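Chain nomenclature is as follows: A, B, C and D, assigned in order of appearance, with residue numbering initiated at 1 for each chain independently.
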Amino acid sequence: MSGVLTLPARRASSGVFLALALTLAIGWLVVTVDGGQLFSLPTTVSLLHVAAGLGLVAVGQTLVIIGGSLDLSVAYVVSLSTLVAAETMNGDDGALVPAIGLALAVSVAIGLVNGLLVTKARINAFIATVGVGLLLKGYLDNGYDGPAGKTAPALVQGLGYQRVGPVPVSFLLLLAVAAAAWFALARTRFGHHLIAVGGDPEVARLSGVRNHRVLVTAHMLCSLCAGVAGIYLASRLGSGAPRVGTEGLYDLESIAAVVLGGTALAGGRGGVAGTVGGVLLLASIDAIFNQLEVDAFFKQVIRGLIIIAAVAIYARRARRKAAA
Amino acid sequence: MRVAELRPLPRVRPGSVVPIVAILAVLVVLLAIRQPDFLSPPSLMSFLGRSAPIILLAAGQYFVVVSGEFDLSVGSLVTAQVVVAARLIDSEPSRTWPVVVLLLAFGAIVGLVNGIVTTRLGVPSFITTLGMFLILVGAVYLWSDGAPKGGLSEAFRRFGRRAFEDVPGLGRVPYALLVLLAAAGLAVLLTRSDFGRTLVAVGGNPRTAELSGVRVWRAKTIAFVLSGLAAALAAILLGGYSGVSFQAGAGLEFGAITAVVLGGVALGGGRGSVSGAMLGALTLETLFALMNFYGVSGALKSTVQGAIILLAVAVSSMRSSSR
Amino acid sequence: MSDDPPSPLLTLRGIGKSFLGVRVLEGVDLDVRPGEVHAVVGENGAGKSTLMNVVSGVYAPDEGTVALAGTLRTFRGPRDAQRAGIGIVHQEFNLLPERTVAENVYLGHEPVRRGLVDRRAMLSRTAAFLDSVGESALPPDALVGQLRVAQQQVVEIVKALALDARLLIMDEPTAALADHEVEQLYALVRRLQGQGIGMLYVSHRLKEVFDLSSRITVLKDGSRVTTLDTAETSADELVRHMVGRELSSYYPDRARPEEVGSVRLTVRNGGCRKLRGIDLSLRAGEVLGIGGLHGSGRSALARALFGVSPFTTGEVTLDGVPVRLRSPRAAMRAGIAYVTEDRKGEGIVAGQSVLDNALLASRAVLPGWTARGARAMRVRELLAAVDVRAAGEDQEIRFLSGGNQQKVVLARWLALAPRILLFDEPTRGIDVGAKSAIHDLVRELARDGAAVLMVSSELPELLGMSDRIAVMRDGRIAGELPAGATEQDVVALAVGAAPEAAA
Amino acid sequence: TDEPTATPSSTASQAAGSGTGEQSKFFVQADYDNELALLDATPTGPAGKPWEQVLNPKMVETAKFKKSGPYKVCFSNAGLNNPWRQVGFKTMQAEVATHRSQIKEFVHVDAEGKDQKQIADINDLLGKGCHALIVSPNTTATLTPAVEAACQKGLPVIVFDRGVDTTCPVTFINPIGGYGFGHVAAEFVSQKMKPGGKVLALRILPGVDVLETRWSAAKVAFDKAGVDVVGVEFTDGDPAKTKKIVGDYIQRYGTIDGVWMDAGAVAVAAVEAFLDAGKPVPPINGEDQLDFLKLWKEKKLTAIAPTYPTYQWRTPIIAALKVLGGEQVSSPWKLPQPTITEDNLDGYVDADMPPLHYAMCGCTDLPGYPQRWK
């Protein structure tokens, strides 16, 4: 009686890599015609650096979004983390480890608060994290009137500027973090439960999943990633910067990257691989337009269009699958 | 239908306006203590007048949110509208009305595009409107290459800046307030109408709505158009109130969404009232004034704001908890 | 307490529960012995599911105690209950469409090896369980969203089994199952009984109750009416306890020839993704029953006629005029109504009031500020007519019992005074009382000249209600039977044992 | 910190309860003193061309950068995200246009106000075979490493507007700077307003070094004058927010006797707040943006407009060509920083330029004026 079923592929992420390949191909063509070089060493390095920063945040963001939540406070967490790290190091390699530890601890703590607000206080994630963001903003605005602290030289040389061929260490770090996240989602109970909570909290609860615990953990991991991103930026900037996170638009950009990667905002569906693809896509667009010296505002328009178009295409393919 | 024995309904239902009214009351009291003359008609009138734009945006946002979507583009839309208005009017009074009409049309069209892309192309509205946000900001900077040009006519600025002076009893009645009252009235009427109720159903369960003959895509699109129109009105009042600048609409989208949620509207749709949303916006504005009057230092403002918002939302979500 | 019967596995004493001041359960006593199937019956809203949810830790009781094998238990949540060895098949599906069968079955207690989820074990064990319920054809790595309602029901059951529970609760496990699948369930239940597993069995299908249970507890308005030994009671007595009055176990009279009017709707060679070569005609005043196995395309047919997933080939005529029913809206405008089989997912707007739910369709297709008053009146009458039980017309519908929700959905459609009604499992999960009410209603509609198409997996209902029966198989109409056909005839056509009789 | 090599010192004057809060860590007494000295210094260089003039020149050798043209000049820009930078960049482009013979290619990369993007941009530019690199850093401290990396590449680096914490660039170009701006405005406000009056300080946003130095200088002035600063508010450059704040302060204190602001963006809004409240507009400072200047003239305000001239965007190009030509340049290259007062106001008001145009663009003689700036 049970008719044979045709299962649609569960990877929506394949789409983003297609988009990425296309973008790079077209970009390369245009840039070359324009007399530039898209894949020159410096350009590639810059591209990967930009990707590393956003990527670290976006991977964390992926986790909360898969859990049906959202984190709009990451930008401030990033800034705070740079400051905590740089101020604790204060240019001294000896303080490297404690500083990193402290920065990450602070970040995780913020994640904990986010998580508790979303679960225990039952505040919608959007508001909860915007609220926490405001709290942090106030602290940063009030406490810092500019860059502060000094990153340990070792970190600057290492994470900040060290490369393996054209690939910055920071990008390798991103890959490592992404791999870890992927593993957590696919191979641990936490991952399975997180996807369930994102898919349908009630079902998860009735199936004996501890929804709150799972979501709080996800939020802590998200902030942790933001913290790591902060440390990377501190290593890049040589000091703590109170507004680097917000200037970088890490909150919205990370979400955009996640969705570009084929993760459903509603939760319960998606993956980290796609997110990395989404980040690379955004970074490549940047790089290409840089080469072409396109006006930043025009670039913004194109970005908007590309984001919408890309997601529209996924939606289309998804529908076709459903109908097939 | 048999009403089985007297089963009392829950006091505070999810989506009720009770909590927000309470919160607002508290803030107003605090404000009155610190600054008694704040409640004097003239000052109250001007306060309501200057709060009109964000309240309008909240009302517009309500329709989108209750239908289960987001509109993150309103802030940039306001900015775009103000800048466009300035350049088109170019301090030429005679162009005021045509431009006003044009702005409303512009707002409606942006809403329409948001709606169509979201419903017909199946792009999550968070992304659609985020993209629209980028596009609008980029486009308006591009178009006015980087710095607003021209200027707004007095006739245009009147709407957001001037008032009927020395009205007996009230002192002054800002035009903005009248615009607000009219729009608010319409909004409430709309939520009571078939469309309004249907929209809530769409937000609650699109499948059911579709199978009951509701054109879900149409309902949602209309919601976006309403939001766009609200943004246009807000832009007209805001441009009038404070003139041209690229900052005109900065951050308003978050303001509006926060207000809507404060007002008890559920993100994700299906629950909440437009009056709640507008009260939420008024609460935010009151909070802002409160901090000015209590002299909360510039930098700490956002901390206080964040804390109070979290508190308020937490409280209301607690009160309206079933089970 | 060491009497002759084995000491009870589950003991409930004085269970009480109210929601927001609404009394739902009151002083319910009940016990289940190892290896016993204890049936719980009652009208819609009697509190059956709530009671089951209390036992399975979903709700904490306001009063009373839950004892498992003699020791008192307080569950902080479903998790605790599961740990204590209580498994439950919920009345509504609790599955994640985006996840595989195996992932759903083991959700919350995934097998782990060295701290990592052991997928291989998950798949193999799930496959084993599927075997044990005779669903070996169902791949454990299929996405649940791709499964048919019936298959999902099976996954739901397997999910409960996977907890290897001491006490298994089944809240209307057969609501979505056809009779021969019910047989498989019977076998399973008996096997579990053999293993000394106690079972609470909630169902509106008295046949099953009598086939399976050894004792029956009747709930009414939240309190226990009585507990009977199945051997010593009869359907009539049971029904009397449930509804507190005699119920004619007969179906309303069929349409007399003169009542059957002209042909309203015809389909010629209709086809779509799930249907092929559909030929059928529907007359005013008659009830056309649609039989068949699950997945045979009955819902697909209804959905095609209602324009949800329209026919891609063939021709449909309404009163002789060719029509294209591209969307539900178009169908509604043409006077067609459709009561879906998936109430939770497609039938109700959980967060809206009873009244809003009942008005939904009218508002959509015949809007207008002026008509509102009259419309509201009409809907109120209808809600009364179908006898909805709720705290008030502005109570959120999610707080109503399944049956009452269904009645609200019916009222929604009746408000449009449709000329053609498509019912997909109209009495699924509806109690005997309401059921016969709905049967009378359907027949009445036919009498008033409506053409009714009724999909049903319940053969007695199908046979009792239909003036004609079209039986489907693999997306085609296998054959048509006149009134008075027997269950065997239907099943024979459904499984393809009989030569296809041309319609 | 506009000066390179400047290290923060704690010799900040104490804010004796005059509401200005404690001194910013950006305050560097030495820089402060020498900027105030520069205010009355007389520039050397061609008269009427302030963008070529220098205050207290300290010439440095540049022979080692001498190359034969035409050149490829690259520019890493912090951003174009406000009218000031827009006007400035247009001016720079116009300047480039006047040297078409010597500059064969002018590469511009916009960091969109993102530190890490600018670092990446600079690194990227190093691979493009530029003859000279002009940098307008987004943030002083954080861009330093990248600029040092650029210096090591051996090509002449010219920094302007905001500085970097290193001496490796050939020169650092900017007008007198934040202390001068803040001081001039604060002095004016505290002198013109009624003694013991209440001052409201409006700031755009915290953490932008140029703005911080302006405020820290103003603090010193206000504390010295014993002015009662009743509020220091951030406006995010949003006129609506500004009007609300100012309105509420007027209501709270009955009247405000002086308004100081660290940038002109919201000057007009502040003035309007008083007009709408039916109060006389107190002594106030703005900047050289035309909307303010027009309003000032029209409403006969008691006002002053210290400037941070946009003509400084011309100088880096000029400097780059000098350096590549092996000519000496002054390092640092301090440009004069005129102040607009009642007396010279009419000279700057230009009715047919857009409201947010900066009068001090020194662009009237450049090709494409005025269209390019409209």
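Everything that follows uses one rule, which is that a residue touches a chain if its C-beta (ideal position, glycine included) is under 8 Å from a C-beta of that chain, and two chains touch if they have at least 3 such contacts.
What you see is a predicted model; the values in this text were computed from it and never measured.
S.K.: Which chains, if any, touch chain A and chain C both?
M.R.: Chains that touch both chain A and chain C, as defined above, are B.
S.K.: Taking each chain's centre as the mean of its CA atoms, which one is farthest from the centre of chain D?
M.R.: C
S.K.: Centre to centre, by mean C-alpha position, how many angstrom separate chain C and chain D?
M.R.: Chain C and chain D have C-alpha centres separated by 74 Å.
S.K.: Averaging only over C-alpha atoms, locate the centres of chain A and chain B and give their separation in whole Å.
M.R.: 30
S.K.: Counting only Cα atoms for the centres, state how far chain B is from chain C in Å.
M.R.: Whole-Å distance between the two chain centres: 44.
S.K.: Can you work out the whole-Å distance between the CA centroids of chain A and chain D?
M.R.: Measuring from centre to centre gives 35 Å for this pair.
S.K.: Using the touch rule from the top of the page, what residues of chain C touch 2 or more other chains?
M.R.: In chain C, nothing touches at least two other chains.
S.K.: Can you pull out the residues of chain D that are in contact with at least two other chains?
M.R.: In chain D, the residues touching two or more other chains are 80, 206, 234.
S.K.: Can you list the chain B residues in contact with two or more other chains?
M.R.: Correct list: 146, 297-299, 301.
S.K.: Applying that definition of touch, give me each pair of chains that meets it.
M.R.: Contacting pairs: A-B, A-C, A-D, B-C, B-D.
S.K.: Where on chain D does chain A make contact in their complex?
M.R.: Touch list, chain D to chain A: 24-26, 79-80, 107-110, 112-117, 119-121, 123-128, 138-142, 144-145, 205-209, 212, 234.
S.K.: Could you please specify the touching residues of chain C with respect to chain B in the complex?
M.R.: For chain C paired with chain B, touching residues are 19-23, 45, 59, 221, 306, 308, 328-329, 332, 338, 340, 345-352, 354, 356-357, 359-361, 363-365, 367-369, 372, 380, 383-384, 387-396, 412.
S.K.: What residues of chain B sit close enough to touch chain C in their complex?
M.R.: On the chain B side, the touching residues are 1-4, 7-10, 13-14, 193-195, 197-198, 200-201, 204-205, 207-215, 270-271, 322-323.
S.K.: Where on chain D is chain B touching in the complex?
M.R.: 21, 80, 82-83, 85-87, 203, 206, 230-234, 236-245, 247-249, 251-252, 265, 268-269, 272, 276, 291, 354-357, 374
S.K.: Which residues of chain A touch chain D in their complex?
M.R.: So the residues of chain A in touch with chain D come to 40-43, 45-47, 49-50, 53, 140-142, 144-148, 156, 160, 233, 236-239, 241-244, 247-248, 286, 290, 293, 295-296.
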